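First subunit A sits with subunit B, and in the next complex the same chain sits with subunit C.
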Partner chain A sequence: MMIVEFTVFSTFKFVAVKLSEVIKQQNNAAELFSVKASRARLFKEFKEVQREKVADPDIQLSCDDNNIFKWTALVKGPSETPFEGGIFQLAFAVPEQYPLQPPQVRFLTKIFHPNVHFKTGEICLDILKNAWSPAWTLQSVCRAIIALMAHPEPDSPLNCDSGNLLRSGDIRGYQSMARMYTRLAAMPKKG
Partner chain B sequence: METEPEPGPGPVTEVEMEKDMRRTNIRESRTSEESNPCAICLGPIIQESFLDKCFHKFCYNCIMQWTKVVSGKHSLKLASVKCPLCKVENFSIIHGFVGSSFQQSYINQDFGYGFVLSKAHKYRLQCYYTEPGLLSDIFSVSSYWKSHKYLHPNRWLHTWLRREIQTLMQEEDVGIVVHHICGVIDSFQTKSKQQPKRNKPEAKSEEFRSLISDAARPFLAARTDLFVSEVELFLASGLNIEAYDAVYKQRLGWSSPGETSESTQGETSELRTVIPYLFTFDEDSDGTD
Partner chain C sequence: MEEYFSSDDECCYSDRDSLDGLENEDSRTHWAPSKGPASKVITKESLLAAQREDLRRVMELLSVREHHARTLLIHHRWDVEKLFAVLVEKGKSVLFMEAGVSLADQQNLGVPLPPTVMCEICIEDVLGGDATRMDCGHCFCNECWTGHFVVKINEGQSKRIKCMAHKCNAICDEAVVRNLVSKTHPDLAEKFDRFLLESYIEDNKRVNWCPSTPHCGNAIRNEDDDFCEVECSCGLQFCFSCLSEAHSPCSCLMWELWVKKCRDESETVNWITVHTKHCPKCHKPVEKNGGCNLVSCICGQAFCWLCGGATGRDHTWSSIAGHSCGRYKDDGEKKAERAKRDLFRYMHYHNRYKAHTDSFKLESKLKETIQEKVSVLEDRDSKLRDFGWVNNGLYRLFRSRRVLSYSYPFAFYMFGDELFKDEMTNKERDIKQHLFEDQQQQLEENVEKLSKFLEAPFDQYEEEKVMNVRMQVLNLSTITDKLCQKMYECIENDLLGSLQLGIHNIAPYRSKGIEKASELSVCWGNNSDKALHCGSSGRTTESDQPSGSGSSEESGISSRKRARMEGPGGAFFDLNLPADNVDRSEL
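Let's look at the complex of A and B:
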């Protein structure tokens, strides 16, 4: 009896753990359908990315070989910012309810930016949280992250040191720190 | 948290904008079906549905699912949903076009405690899709006016009107509309009692119809004229709701085996093709005259 209960529970949990927080009134069948739909959509995005590789030289999105819910992206640091010349790696964990829920994105490359957690790489960006819309794609999320790199928002900092430098008006201090970390972490090692 | 200046997946800088335009051009060169996919599933649009303010279109399932997710995040009942593309607040989803008719799902009702039509409501809805005058040989509206029966109040009217308006508005909470129309009928009766038998029965009927019509039109739109006829017919029948329904259902071929009249056979085949939804907001729709 216990075992049966446990199996049923864990299967259900596996399918619906995240969804149940958000979609209260949906039944199991709808949830399963949603997984199928998100797979189909990711596949469409994958095909689009293959087609657009040349179109956006700043973003290189690729999907994990065996898991369409795991993606990585290489984005170029925008010019005229302390991140210029750096290549930053992003990791995407796509939920099974995508695009009804936003992907979880974090920097794998160390970056000194007020809205990125210095240790975990977590990104504070409204569109990845409550301002998410299913019309965003992984590609357009990358573009938004590039825009965030160029326009930091020091009033909602995840990296307080970085935020405080900007808020106190020490632009030079911020830029030199950010540039240093770009050189250390986001540029190919010389020699 | 407001880090992204441009809401929606729009271009961020001028350089990006150029790239976006290039991309759009590429898309336009493809087939028309692929060029305008649903922004949610990125596939061709299945069961085209529009938001009522911005008129952006999506698959029916996609936009319904998204609306459910959004309303699930809020503890209070939502009145509107933001368009995933342009963030404009929309109050309903327009879908299911058949000819000039369509359906409309309101965010505040269809995603909260939705009102599901009961069997009785569905039967009433069916009545609005049949030829007018179906029961004219049974109940005589003209004798109702001639014999001044309209001076006597009908004690089933309130309940009957409530079900009727629920059916036509596809909404549960219609108390205000029912109250309004009952008020109009009451004051018509009181006025008629004060100046008895002054007008011709035809003029009386005319006056009654135009009063009800004015009162109901803001809520029932294209269904108003049929509704007025139904009210008149119900009053003229002098029956209670159960008896009235029994007669009507028999004529529709819904029930009462053994009692089927000749006219029923002809009607039933016609009735099956009828769509059980309304043309409420379409003044030009068929079936109103």
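Let's look at the complex of A and C:
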């Protein structure tokens, strides 16, 4: 009824504006929906993490206080590896399409490992790239990273020095290097 | 254009009449293509029909539903034979597993979903009606499925959308994908369908897109051999294996090298050698403007366009005996610099290649003037009524010129050092080269003669003289055709066939010219999209309809007529629209 009171001219304008708004809203709706969905899922995961904290002492996941799309994790270096005794910090950047798209994870703690970039901490892991499945959670990604620390893949190295040591069979060299960096970067300073 | 083709039919009759008196009657039998074209045009509309045969075979043998058959075929790049070989070798379960097909466990499918389901993706309890279970048994809520599909389609992975569950290799049911996606993103559902359908072209060795620019939207399916040249319904002729212009008797590799070489030479050299020849008498550059290679300069001097040599008594219109400029004379005695010799050698072949290509470019002009002459003759009241021989001769001329022009790059590589240096001894090469050049020369002679007769102003001749021209043209047409045929045979059997290392194949000679791919019959093509949507049920009955033989021939003819009626200028018209109409009217 309101529209009737508009002049012909302004009605036309009104319609035009209306149309573009509708289109914008539709686009936003699609985006908002996925953001909402990923928010909901992350929130669920958060609750799950709170519950499981006791259950898995190797992983300590926490969410940024202001942004649910930023997470950090502290993982313990697996035993019987050169990373034993170290505590490594991981940074998660979760995309808005999560869980349909994988989170971006990198090491904040320096680590000497063939599949981790020595400078940026970028991780080369198939499940973070093309083998991602939405059924993974941040928690399970952490577990996969721990598994990667125990079982490096020297054939697709991001850290070539480390990869070459392993590929040439110099296990001892690799282990001592990795252990040294674990001591230097991943262990609390004494005193 | 229309009368051109209808006259082609006529010319067959007239040709046959004339053959009575000629000795080469048998030649027609063994190279005439006995069956219809071995290649088919696949348009947007017939794309689904084109795949049906393959799908049907797989569906029947393995008794699976259509989307499973498609998944299997996509995995095996539409090679049905290979798929069957894997089946025999490794068994059904491996075949299915590798391709990501999971046949639902009967007991699993039979059980309806519980009233509420916990979706592991959004960790939300949803009603059973809002969740979907894939064939692999994994069940997630529709919202999550949709999101997953949208992401995958946008990533361009429509052909292999896997289940969301961890380590599940199963490919999602296309009907489910289509259903869910079309609810929120109809455009993406369309895209998904297109990708799925076009996999038949993209992933299939036997099907190629037509390389026309702008793209005509068609693809060609080759049903016989790998090496052939085809003509799309858009009019473009191309080599099916390398998708460049039709280049037989050159092999694809030779052609690729030749094109590159021609591009590399400096433009100036190209222009000078290509566009002009210096008159041997007054040394003015002469540009050629007609089809024949006997050129006369403005000063009156006649010379051969190919070798640039002055021609007098021994190179006239009626006789070009002793003209052997097509032979390459290697000036080894002079011990000239190797690089210089190479350049000369290249220029020799390039000049001849270019000369024939250029005369070939003037053909449309010649066609017009010939038509004029024919109409003049037709107006005359004479007993000679059928002028199919003119068009037939003209067609033969164009065809043979094509063969001739591509035979030069062939010779350049065949007898050069670049490709086959270690394959032949010098002596062998010399023998082969002579053999080839003899044939080439013979062909060239006859082509020039044919060209001369066709360019003659026979519309002004007495009737008797016209009859004489007719006889000559008919004769020469048959001879050149036979010579082309012989040259191809020589190349296939004696030259390329005897090589040990090089893998060179050429498309076989077709005297009727490059085969026009026939349009694939679309029995119910217009509702193909709908058919795809309604899933697999009831599909098999429809696919019983023969997709080859009778109906395709019919539509092939109609498409041919249609194409001809579009007129000579429409090389790039969109055939999809009229095809639609024709097919509908046939229904």
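Keep this in mind: the second predicted complex is superposed on the first by the 163 of 191 C-alpha atoms of A that agree within 3 Å, B and C clash if a C-alpha of one lies under 4 Å from a C-alpha of the other, contacts with A are read in each partner's own complex, and residues count from 1 in each chain.
Assume a contact is a pair of C-beta atoms (placed from the backbone, for glycine too) under 8 Å apart; a residue touches a chain by one contact, two chains touch by 3 or more.
All of these numbers come straight from a predicted model, not from anything done at the bench.
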First (subunit B), second (subunit C), both or neither touched by A:Ala40: both
First, second, both or neither for A:His117, with subunit B first and subunit C second: neither
Which superposed partner A:Arg167 touches (first subunit B, second subunit C, both, neither): neither
Which superposed partner A:Pro134 touches (first subunit B, second subunit C, both, neither): both
Residues of subunit A touched, compared between subunit B and subunit C (which is higher): B
First, second, both or neither for A:Leu100, with subunit B first and subunit C second: both
Residues on subunit A lying within both footprints (that of subunit B and that of subunit C): 30, 34, 37, 40-41, 44-45, 48, 97, 99-101, 133-136
Residue numbers on subunit A that touch subunit B, as the complex places them: 22-26, 30, 34, 37, 40-41, 44-45, 48, 51-52, 55-56, 97, 99-101, 115, 124-127, 129-131, 133-137, 140, 143-144, 146-148, 150-151, 153, 156
List of subunit B residues in touch with subunit A within their complex: 1-9, 11-13, 16, 19, 22-23, 26, 37, 39-43, 62, 65-66, 68-69, 72-73, 82, 84-85, 87
Residue ranges of subunit C touching subunit A (in the complex, touch as defined): 120-124, 143-144, 147-148, 150-151, 164-168, 184
Subunit A residues touching subunit C - in the complex, by the definition given at the top: 30, 34, 37, 40-41, 44-45, 48, 97, 99-101, 133-136
